[in-house]
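In the two complexes below, chain A is the common chain; its partner is chain B in one and chain C in the other.
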Partner chain A sequence: MSVAKGRQIIREKLNPLISMVSALAVGILFCMVLAFFLGVGSFDLISAIWNGAWGGSNAAATTLSKATPLLLTGLSVSVAYQAGLLNIGCEGQLTLGALSAACFAISASRLPELLLMPLTVIVGALVGGLWALPAIWLRQKRNIHEVVSTLLLNYVAIYLADYLVRGPLGDGSAMARTAEIPPASIWPVWWKLGTLGLTAAPLAALILACILHIWLYRTCWGYEVIACKNNPFAARSAGIAVNRWQTRTFLLSGALAGLAGALEVVAIHHRFYAAFSPGYGFDGITVAFLVNNVPGWTWLSTILIAGLRSADKWLQLSLGISPNTILVLQAVLLIAVACQSRLPVTGIARWRTVFGRLFRYPDQPQQ
Partner chain B sequence: MNSSPLILMQSISKKYEDLWANRGVSIEVLEGEIHALVGENGAGKSTLMKILFGLVQPNEGSIHLNGKSVFFSHPREALRAGIGMVQQQLLIFPELTSMENIVVGAELRKWGLFKKKESRQKLEKLCRSFGFDLPLDANAGEISFAHRQEIELLRVLYRGAKILILDEPSSLLAPPEVDRLLEMLRTLRARGHTIIFISHRLREVFSIADRITVLRGGKLMGTWDRDQTSLERIGSLIVSGAEIAPTENGDNRNHRIATRILENHQPETPPILRMERVTAPPFGHEPGIADFCLQIRAGEIFGIAGVVGNGQRALALVLAGVQAIEKGQIWLDSQEIADFSVAERSRLGIHWLPENSIEEGALVDLSLWENMLLGFQRSPSNQSSGWLHKTRIKQWAKEGLDEREVVYTSISQPLSSLSGGNQQKVILTRTLLGPLKMVILEQPCRGLDIHAQHKMHMRIRSLSRTGLTFLIFSYDLEELLTLSHRIGVMYRGQLMGVTDTHRANRELLGKWMLGITE
Partner chain C sequence: MASLQLISLTIGKTAPILLACMGGLISELAGVINFALEGMMLTGAFLAVWLTFVCGSPWIGLMGGALGGMFIGFLHSLVCLKLRANQIVSSIALNLLAAGVTGVLLNQIFQVYGTSPSVGKLPTLRQFKPESLPFIGNWIATAAGDLSILAPLAILLSFLTMAFFKWSVWGLHIRACGENPLAARTAGLSVTLIRFSAVIVGGALAGMGGAYLSIGELSAFVEHITQGRGYLAIAALILGRWKPFGILLAALLFGLSEASSEWLAVTWAGLPYQLFLALPYLVCLAVLMGQVGNKQAPSSLGRL
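For the complex of A and B:
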C-alpha cells in the first residue's frame, strides 16, 4: 500500500510532464489529420516541424533565442496563477518593458558598463511591473476581474508604444523604431551557435525559473502564496495577508514579462520597434498552462512552443503551407491539456467520468 | 385505506466506493400516513430517500409505486409520479422572491413568457388551503429560516406532489417553529398526502409518525406502529454500541451531564473575554451584530444558541478577527484585541473552527502536511529565514494526526483524497494545536455521527477541565444543553439572554430564540 502511495506521490510530482507528453501525443495525432486535409504527407509535416525547430545549428539557435521571452512570459503567467490570478497582459507588459529598457539604455549611455547593463534590464522589469499595477489595483479596490483589465491594457500598451516610437522616442527615420542601444548595454554573444550565436539570456531565464520554483515550493512565503490561491478565505482566517500577497505576486508577474521585453532588446534586437512582440505574451499563457503552471517545468513547454514558433516559417518554405498552421496546433495542445486538468482521476475511471459527467445526473455525495 | 402499500421499496442496495450505504433495505409506505425514518447519521436514511426520489440510482433493488414497478433515473420523473423531496440543505436563491423561488422551473407559461398573475393566484390558493403565511414578495435571503423551509415545502406541493419526503426538516428550527411544522404536516396528512419524515429527534417522531422504520449501518432494523413500540426501544435500536445507552430522549442524559458539569465548575473564575457594545456589519446574507455585550469566564464552555442567521456568523468572525468591527471593545484578559489581526489573535491563543470547516478552512488540493501548516508557517520551529523545514514539519504533522487517529496513508497525499469526516478531523486537529486560551467552534458536530459526536463532546470537556475556554455555536439546542456550562441565545444580532445550563428552561430558551421576551 505504501509503495503504491509512494508511486502516486511521484506521479503527482510528474503531473506536469505527463500532461505535456499526453498533450503532445494528441498534437501529433492531430497533425496527421491536419496533414491529410492540407494534402501533405503526415510524416512530412511532422518532420518539417522538427527540422524547422532543431534541424541544424541555425534552427536550434533561433529556437533557443525565442525560448528566452517565452520562458519568462510563461513564468509570469504561472507565478500569477499560483496566487490565484490570471495575468494575460504579458504582451503589453513585455512591450513597455522593452521600450523603456531601450530608451533607458539610449539616454543613460554615459553610465559605466557595469551599471548600465544590469540597470537596463531592471528598468524594463520595473516598468513591466508598473504596467501590472492598475490591473491589480482595480481588482483589489473595485473588484474588476484582472482578466478583463490586463487584456485591455495590452492594447493600450501596444498602441502607446507604437505612438511613442513613431513620435517622441523614435530615431527620426521613416521606420517606427528607436535608435540602437549603446554597445555597453548589449549582452555579448556567449555561445557560438550557427550564424546568430546565443547570449546568456536563455541561461539567465532558466536560473530565474529555478529560483522561482524554489521560492514557491520551499519557502513560507511561497506557501502563503499558494494558500491564497487554494482557499483565500482559509488563508485569510489563518492570518495570511491575501490581498498583499496577491498584489506582490501580480507585480512580480508583470516584472517578469517586462524583463522578457528588456532581454529581447539587450540580447537580440538591440533596439525597440513598433509591433515588437510577435505574440510572446499570449504564448506565455500556453507555455504556463501546458505544464499546469508549475514554474519548475516551464522550460519543457518553452522548448516545445519555441520550437513550434521557429518552425512556422519553415513550413511555408518546405511544404508551402501557411505558418498559421502552427497556431492551430498550439491551440489543440492547449485544449488537450485543459481537458485533462478538469478530470481528477486517471485510467479507465477517467473515461467513465467523462461519460458520467456528460450523460448522467450526478450522484450526490453520501451524507 | 387498501391493504397494498403505496410505495414498496424492495431489497435496495447502494454502494459508494467500498461502503454500503444501503444493503438489502425493504420498506413499505402506506397511503395517507406519516412514516418516520430514523437512524444515526450515515445509517443510510438520506440515501434511501434519494433513491426513491431518483437523485441516486441503486445498485440493486426495485421500487413499486401503487403496485406498479417504477424506476426513476432523474428527480423529474419522480416528481411526475407525484413524489417530492425537501433536501436537508435548503436550496434557495437568496436574490429571488419567495414566489419566484417556489415556481422556478415550473412556471406557468404562455408562448414562453412567464404568467406571473396566474402563477401567483395558484400559489396563493395553495398557501391558503394549507395555512402557510409566507411573505411572497420578500427576497428569500431576507426571510426567516422557517419560512425558507416553507418555500421548499411549497415548491414540492406546487408541483403537485402527493408523496412528500422531508429530510431532517426540524434540525435548524427553534422549538416553537418545530411545533408549527409538525402541525402543518398533520394538516397535509389530513388532506391525503403521504409523508416520509427523516429525523433523529425521537420525541418529534413519536409525536407525529404513524409508523417508524429504523435503519442502522445501512441495514433495515424493522418497521413498527408507533403505538406498538416505545421511545426507549427505538432509541436502543438506533445506536449500535452499548456504551451509549438509550439516550435519544435527551432529558435524562442532559440532566445527568449538567449536574456533572456543575460539580466541576467554579463559577468564580474571572472573565477571560469581554465584549462591550460591539457593532459589526453583516457578513454576506447573514446579519451583523449590534451593541453586543458578552462575558465569558475562563475555563467554561459557553454555548451560543439561536435560529440560523441571527448574527452568529458575524459574532464568530468578529472574535476570530476575520471581520472588522465598527465600534465597541473586545478584551482578552486585560488586553484590548479589537484591532488585532487574525495572526496576532492566534498568537494570543484564540483559535477558530469555521462553520463549514472544509470550505472555509481547508486547502483541499494541497497535502495533509500543508493543511496542518496553515497558520503555523511562520512559527520558528517550522522555518528559518523563510526556508521551510519540510522533514520536520511532516514529522510534526504526522504526530498531530496520529494522536487524533486520523486515517491516512501518507502525509503527502492531498486532503481531498480523505473521506469527509477525516478531512474535518484534520482541520479540527489543526485548530486545537499550539498554545491555546480560547477556542471558537462553529457547529463542531455538524455531519458527525453519534459516536463521533460523543467523542467530540468528551474531548471538549476534558480540554475545558485543563482550563481552556470554549465558545460553541450550535443550531441544536439539545447539543448545547448537553455540553455547555452556560448558554446565550442570539436573536437578530443581539444577545437575548444568558442562562446557566443546569437552570435552563427549555421553553424560555425557545422563546428567546424567536425574540420573545417577557
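For the complex of A and C:
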C-alpha cells in the first residue's frame, strides 16, 4: 500500500472529526457576529456558553445527563441515515416511548425488580419503534417521503401524549403528569457530581453507540444496510433486500428514540409529564449530521450539543439574552456541516473550487 | 347559516396553507426541495408584526412578511445551489434557524417572551363595504365579513400561479429546470439563476402565508405561530401531485379539517380538545395513506 493510499484511508476515518471541527470553527465565528448583534461582548457570549455547560460540577452533571437522550436520538438519526432514510420523528417517538415506559413501570410494579427494570426500558423502545412504523409503511407502499410523515406523526404523538397524561393516565393532580414510577424501576445514582447525581444511563448509551458502530462497519448486515444508502439499485441487483433492510433499520431508529425517552424517565425524571421533550428529537439531527452520521463519533457532537442545551438557561441568567440563541447556533452548525458534503452536479464538469484544491487529496494517488 | 360560516372559516384557514403551498410549488417545480416552508412562514409572520409595529401600516407589514420569506428563500437557495448542500438538511436547518431567530428577536425588540404586543391588523372584508356588490354582496357581508382581505387575495394569487405555469414562458422555463436541468442548460437557460429566483419568489408567497397568520388572523406574533402549517403545505403539495389545481383542492381539504376541528370543538365540547388540535394532521396522514397511483414529482427534484 502506498503512503498516499494509507493517508487517504486515515483521512476517511477522521472525516467525521474534520467535519465537526470545521463546523465548530464556523460556529465560533458566527458566535462573535451574533454577540455583536445582541449587544454583548463576543468573548462574553462564548465564555457564558462554556460556563453554562462545563463551569462547575453541577453544570457538568446537567450536561452529562442531557447527553443521554441526545446521544440516543443522534444514533437514531444516524442509523436511519445509513440506510438512506431521514428520521425527523424522534420527538414523537421519544415522547411516546417515555410515556409508555412510565405507564408500564407504574402498572407492572409487582414484577420482580430484575424483570421490571429492563422490561420498562424495552417497552419504551418498542413503542418508539412502533411509532416509526406508519412512516416507513408510507414510504414503501405509498412513496411518501419519510420526512413529511414523521413530522406529521410528531404532532399527533405530542397531542396524544398530552391527552393521555391530562386524562386517563395522569395522577389526578392538575400538574399534567403521571404518578412516580416505583423505586424498583428507577436507575440508581452511580456517580455523585456536585449536588446532582449521574446514573449509568450515559454509559449505557455510549456502549450502545459502540455496538451500533461495530454492527454497521464490521458486520455483513451493516454492510448491506450501508449499501442500501450508497446505491439502492446496485444493492438490489446484488441480492440485498433493500426494502426489508430499510424497514428494519427505520424501526431500529424509532426504537432508539423511544429508548431515549424511556431512559429519561427511569434515570432522571422518574415520571412522565406534559411537554416532556424540550426538542431532543430535533437536536438529534444536529448531533448526527455534525459527525457525518457515523455512530462511533456521535459522542463527540453529543458533548457539544448537550453543552449548548444546558447553557441556554445560563445565557438568560447571566447575559439576559433569549435561550433561543442556542437554536440559532445549532442551525448554523447544521448548515455549516451540510455545506461540506457537496452534491454532484449533473452534466458539466466544474472547476474545483480554491478551497477544494487546497484541502483535497488527489482522487487517484500517483503510483 | 351555520354552513355558510363553516365555508368562510374554511377559506380563512385555507389561505395561509394555500399561500405556502404555492410558494413550495414554485420552488419544487424548479427542482429545489423546499421543506423550509415552515421557517419561511415563521419569519414572514414575525417580520410582518415587526414592520407593522415600526411603520404602523399592516400593508407594509405584509410586504415585510414577504421579505422575511424571501430572506429564508435566499438562504435556502444559496446553501443548496451555490454551496451544494443536501436540500432536506438545509431546509431542516433553516426551520431551526427561523424558530431561533424569531424567538431571539422577539426578546431583543419587544423585551418579551412568547407573545409580541398587539399591532394593527389587515382590514377585514367588511371594511370594504361588500354590501354594495351586486348579487353576492349581502351574503359576503354576513358570512365572510370577518375574513381578512388577504384570504380572497390568496385564492386570487393561487389562480395567478396556475395561469403562470400554464401559459407563461417563465413558467415553462421553471418547469424545464425541474424536469431536466441539463436540457434546460443546453437550451440556453441559466438554470441556477432560474432556480434561485423561483425559490425566492416562493419564499415571498410563503412569507405572506405567515403574515396572514400574524396580522390577518391574530394581531400579534406568538412563538411557533405556524404550528406545522408549513409541513401541512408540503403534504398538500404531494397530495395535489405538484399540479396547481390539485394543490388548491388539497389545501381546501386541510383548511376544511382545521375549520371543522374548531367547529367540532364547540359542538362536541365533551371530547378531548387535543383530538381537535391533532385533527388536521390525522386527516393528512389518513389521506396520504389512502392515496394510490403514480405520483409525478418533478424528475430532477433535489438534484443539481
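Quick note on the criterion: the second predicted complex is superposed on the first by the 342 of 367 C-alpha atoms of A that agree within 3 Å, B and C clash if a C-alpha of one lies under 4 Å from a C-alpha of the other, contacts with A are read in each partner's own complex, and residues count from 1 in each chain.
The working rule: a contact is a pair of C-beta atoms (placed from the backbone, for glycine too) under 8 Å apart; a residue touches a chain by one contact, two chains touch by 3 or more.
Predicted model, so just to flag it, every value in this text is computed and none were measured.
S.K.: Report for A:N230: first if it touches chain B alone, second if chain C alone, otherwise both or neither.
M.R.: First partner only, chain B.
S.K.: Is the number of chain A residues in contact higher for chain B or for chain C?
M.R.: Of chain B and chain C, more residues of chain A lie in contact with C.
S.K.: Can A:G41 be said to touch chain B (first), chain C (second), both, or neither?
M.R.: So A:G41 meets neither chain B nor chain C here.
S.K.: Would you check which partner chain A:L138 touches, where first means chain B only, second means chain C only, and both and neither mean what they say?
M.R.: Touch status of A:L138: second partner only.
S.K.: Is A:A238 touching the first partner chain B, the second partner chain C, both, or neither of them?
M.R.: Once the two structures are laid over each other on A, A:A238 reaches chain B alone.
S.K.: Using the touch definition from the top, say if A:S149 reaches chain B (first), chain C (second), both or neither.
M.R.: It touches chain C, and chain B stays clear.
S.K.: On the A-aligned overlay, A:G197 touches which partner chain: chain B = first, chain C = second, or both, or neither?
M.R.: neither
S.K.: Please identify the positions on chain A that touch both chain B and chain C, taking each partner from its own complex.
M.R.: On chain A, the residues that contact chain B in one structure and chain C in the other are 344.
S.K.: Please give the residue numbers of chain B that touch chain A in the complex, ascending.
M.R.: So the residues of chain B touching chain A come out as 16, 19, 21, 41-42, 46-47, 50, 54-57, 73-75, 88, 320, 322, 341-344, 346, 352, 354, 359-366, 370, 373-375, 377-378, 382-383, 386-388, 390, 409-410, 412-414, 416, 420, 447.
S.K.: Going by the contact rule set out above, which residues of chain A touch chain C in the complex?
M.R.: Where chain A meets chain C, its residues are 38, 86, 88, 134, 137-138, 142-145, 147-149, 151-153, 155-156, 159-160, 162-163, 166-167, 282, 285-286, 289, 321-332, 334-335, 338-339, 341-348.
S.K.: Considering the complex alone, what residue numbers of chain A touch chain B?
M.R.: Residues of chain A touching chain B: 1-2, 5-6, 8-9, 12, 218-221, 223-224, 226-227, 230-231, 233-240, 344, 361, 363-367.
S.K.: Which bits of chain C are touching chain A when the two form their complex?
M.R.: Per the stated touch rule, the residues are 35, 79, 83-86, 88-90, 92-94, 96-97, 99-104, 106-108, 113, 181-182, 185, 228, 231-232, 234-235, 238, 272, 274-275, 277-278, 281-282, 284-285, 288-289, 291-292, 295, 300, 303-304.
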